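After this come two complexes, each holding chain A, first together with chain B and then together with chain C.
Then we have the complex of A and B:
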């Protein structure tokens, strides 16, 4: 029983971390229409920044500043934001599909950098960072981290929901729908795109920091960049892009399916089980194609969300009169 | 001087492989108007399909080549007719997402059937010839000669056959081409036949030059995209030039940069091109 609870809490922590990633991608793709398939780059930069800032001293690589967790998270947000700013200044003038191609380039370069520059990151041997809250609340790390994750997800969600409803969020959506009209309305399309790209990447960096502290160890292989990026995309599309609630629900549903495939492939005969990982990715890939063909707007569509909101407002107005 | 020559040879070999990949990518991009992210995995698939006759029947790689190319053509057309065709009415960006999914599906299939480790077409070392301080492997000659033959065949197809002309017309201006009564679906199928076949050849040559690995194609997708953009989207001849430029630039860069950063050179060239001349060297499609 305790094992099941522990596993459920572990799963929820990962869902929370992936939920934050999906929220970050939702700002870029869902609201603004910026096609970033280099999610893993910002995720990894955030993770390593926080790892270097908060980790214990080590001979093998830079770091060991042993700073508090919050400083690490802040650092993660800042460095992934700076990376996004540099990348955005160069590429955001380009069309969506060129940006997509450029973003795989960035992800590839970040991956090579983390692997090659061992003095900074520990290279392929990885980086030990240790885990926070080991001795809080009876010392159950997973429980403590789960509470922490829920708080962070709630803060990020509320802030992004405020941003989405604000005039700022409306401008982003109008850029997505019709760039020329937005420009004609006197908005600087490039400036808003840059803001959306940087903000989204900062959120991804934050998710990276959470990931780093959850596992307490980082290596270039731990990220499996294509898998992380791909899962986040499937989550956002399945949940409903443009909708923050959809992003979180997508993270929940897709992660449950993803873990479910682990159980399913666990039932396979032993000689096949070594290839189970590929089978799981295959299933998720097919699921994505089915969603795209049959329900491209996702579980909670953005348009549906707007309709529900109007209905709510009408009901409230009806009560008042 | 010998070092420069050596790098030039490596650059031409890599460039031939990139060119073959970029031809299909550029045609698909020009005709179907989306960047096909599963192209790298078609490259991988071509390499692995060629392994089948080699490992099962013990056939020489030179003959298995044809099997690999044909099988990859079939897969490329099948993916298009089963999946992409259903999504053509919606925004091209949905096709882009779908192709990322296809990339993962193809890669995991390769891993399921052939495992995640390295594989080789033949055991033993391909002894290089030494010519005045420069190493040339017989495989290198085979790769460059193969690429040249394929490019000549492509040229004849595009210039002499009706389908080839229709393909160039579609790639130039799809709306105008449709008005003149070109059978769109037929041209699209031929695009995948050519694109898939060229990608398979690229993969087989890459496998011959180095080794087979499930992410071999994905790893060269960036230089292949760079080559297609450099040459101009929808311009198969531009893609050939683009591929050679990227191949040479990557090899020359190793004089000053550490070799793992080769893809960064392709990336830099691509971004510079996109900023200053987004239509590419051969004035391809911009919009």
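Then we have the complex of A and C:
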């Protein structure tokens, strides 16, 4: 029983981290229509930044500087934001497809950089970081981390939801709908796209920091496109692009399916089990197809959210009169 | 108000606008007509900053704006609409309007997060203005509809409504009457005239519907082959043989005379 609870808490922590990634992507794709398929790059940069800043001193790589956890998280947000700013300044003025190409390229460059620049990152042998708050609340790390994750997800969600509903979010959605019309409405499309791209990437970097501290160990293999980019896209599309709640629900559902299939294939005989790994990827692909055909707006659609908001406004107006 | 000075625009070997100069006088409703391919829309795009000219200058209120991006020209009071309805499809009619006003405090993330009171007050004002515009356009009943679901005519009205959300001085309308039924056309005409008289908006209108042009516009500028053919009141234009020639080709003027 204790094992199951432990496993459930472990899973929820990961879902929280993926939820943050999906929230970051929702700003870029869901609201602004920026086609970033290099999520892994910003995730990885955040993770390694926080690892270097907070990890114990090591001969194998730069740092660690053993700084507090919050410094590491802040650093992760800053470095991934700077990377996004540089990439964005070059690509956001171009047509949408170029961002896609550039972002996937950046993700691969970052991954190879992490692998080969051992002085900075520990290379393929990875980076030991150690885990925070092992000794809180009776010393159950997973429980402590889960509480921490819930707090971080809540803060990120609230901030992004405020931003989405504000005129800021309205300009982003307008850019997604029609760039020329947004320009004709006097908005600097480039400036807003850049803000959306940087903010989304900062959030991804924050998710990276969470990931680093959750596992206490980093290696470049964790940032392969399948796990760190593609899965996040499936989560956002399945959950409901443009809807922050949808991003979180998508992370929950898709991660359960993803890890559920891992569990199921683990029950197969050994030779089948290894081959079934590819089948799981195929399964996620098929699932995405089914969602797009039967429920293209995702589980929780942007339109549904709007309807609820309008109903709320009507109620409020009703109370006033 | 707007001065077009020797604007030329070439696309490869094609000369779309050819050393074109014209003025749109302050307070006028200036019509711009001409056969398809005369360069009207290209010139519009250049005036509004959506296309860079190959050579020449655009002046707004005497100020050279040739190299300013569209949103800077917007700040100086120039607003445009599009020939193809360019509504924000997955946003409500109300949101389409509320987007437009410039310098909204909530467009800054810092304000959105840390000065919610100020943003809320600002939003309430923007919303009220948008509701007023919807009322003027008699579109209040569709305020919460997605703009993509509106009829073609309503989209056109919404587009004009967006210009009403601004402190615009000059409005460029690209075929406001295209694909609109008679009743709605009357409504659009009425709104344009009211904005001109009561709010002092200057209009420059591209239109193929001669009734709309005749009813609203003075002066009317005729363009062919990338430059101005002639300019005058609609009556003068109607009597001008060069214009008939440009529209209908050789012999049309003579035929029109024979009819008369």
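Following the convention adopted for this analysis, the second predicted complex is superposed on the first by the 314 of 321 C-alpha atoms of A that agree within 3 Å, B and C clash if a C-alpha of one lies under 4 Å from a C-alpha of the other, contacts with A are read in each partner's own complex, and residues count from 1 in each chain.
FYI, a contact is a pair of C-beta atoms (placed from the backbone, for glycine too) under 8 Å apart; a residue touches a chain by one contact, two chains touch by 3 or more.
None of the values given here were measured: they were computed from a predicted structure.
Contacts of A:230 after superposition on the shared chain: chain B is touched, whereas chain C is not.
The partner of chain A that touches more of its residues, comparing chain B with chain C, is B. Look at A:166: by the touch rule set out above, it reaches chain C but stays clear of chain B.
In the superposition on chain A, no residue of chain A contacts both chain B and chain C.
Against chain B, in their complex, chain A makes its touches with residues 33, 35, 37, 90-91, 93-94, 96-98, 100-102, 104-106, 108-109, 112, 115-116, 226, 230, 233, 237, 275, 277-279, 281-282, 284-286, 288-289, 292-293, 296. On the side of chain A, the complex with chain C involves touching residues 159, 162-163, 166-168, 170-171, 173-174, 176-178, 180-189, 195, 199, 302-303, 306, 310. Residue ranges on chain C touching chain A, taken from their complex, read 48, 50, 69-71, 74-75, 79-82, 86-92, 95, 98-100, 102, 104-109, 111-113, 116, 119, 122-123, 126, 144, 146, 162, 166.
By the touch criterion given at the top, residues 34-35, 37, 83, 86-87, 90, 92-94, 96-98, 100-102, 104-105, 107-109, 111-112, 115-116, 218, 221-222, 225, 229, 258, 260-261, 263-264, 266-267, 270-271, 274-275, 278 of chain B touch chain A in their complex.
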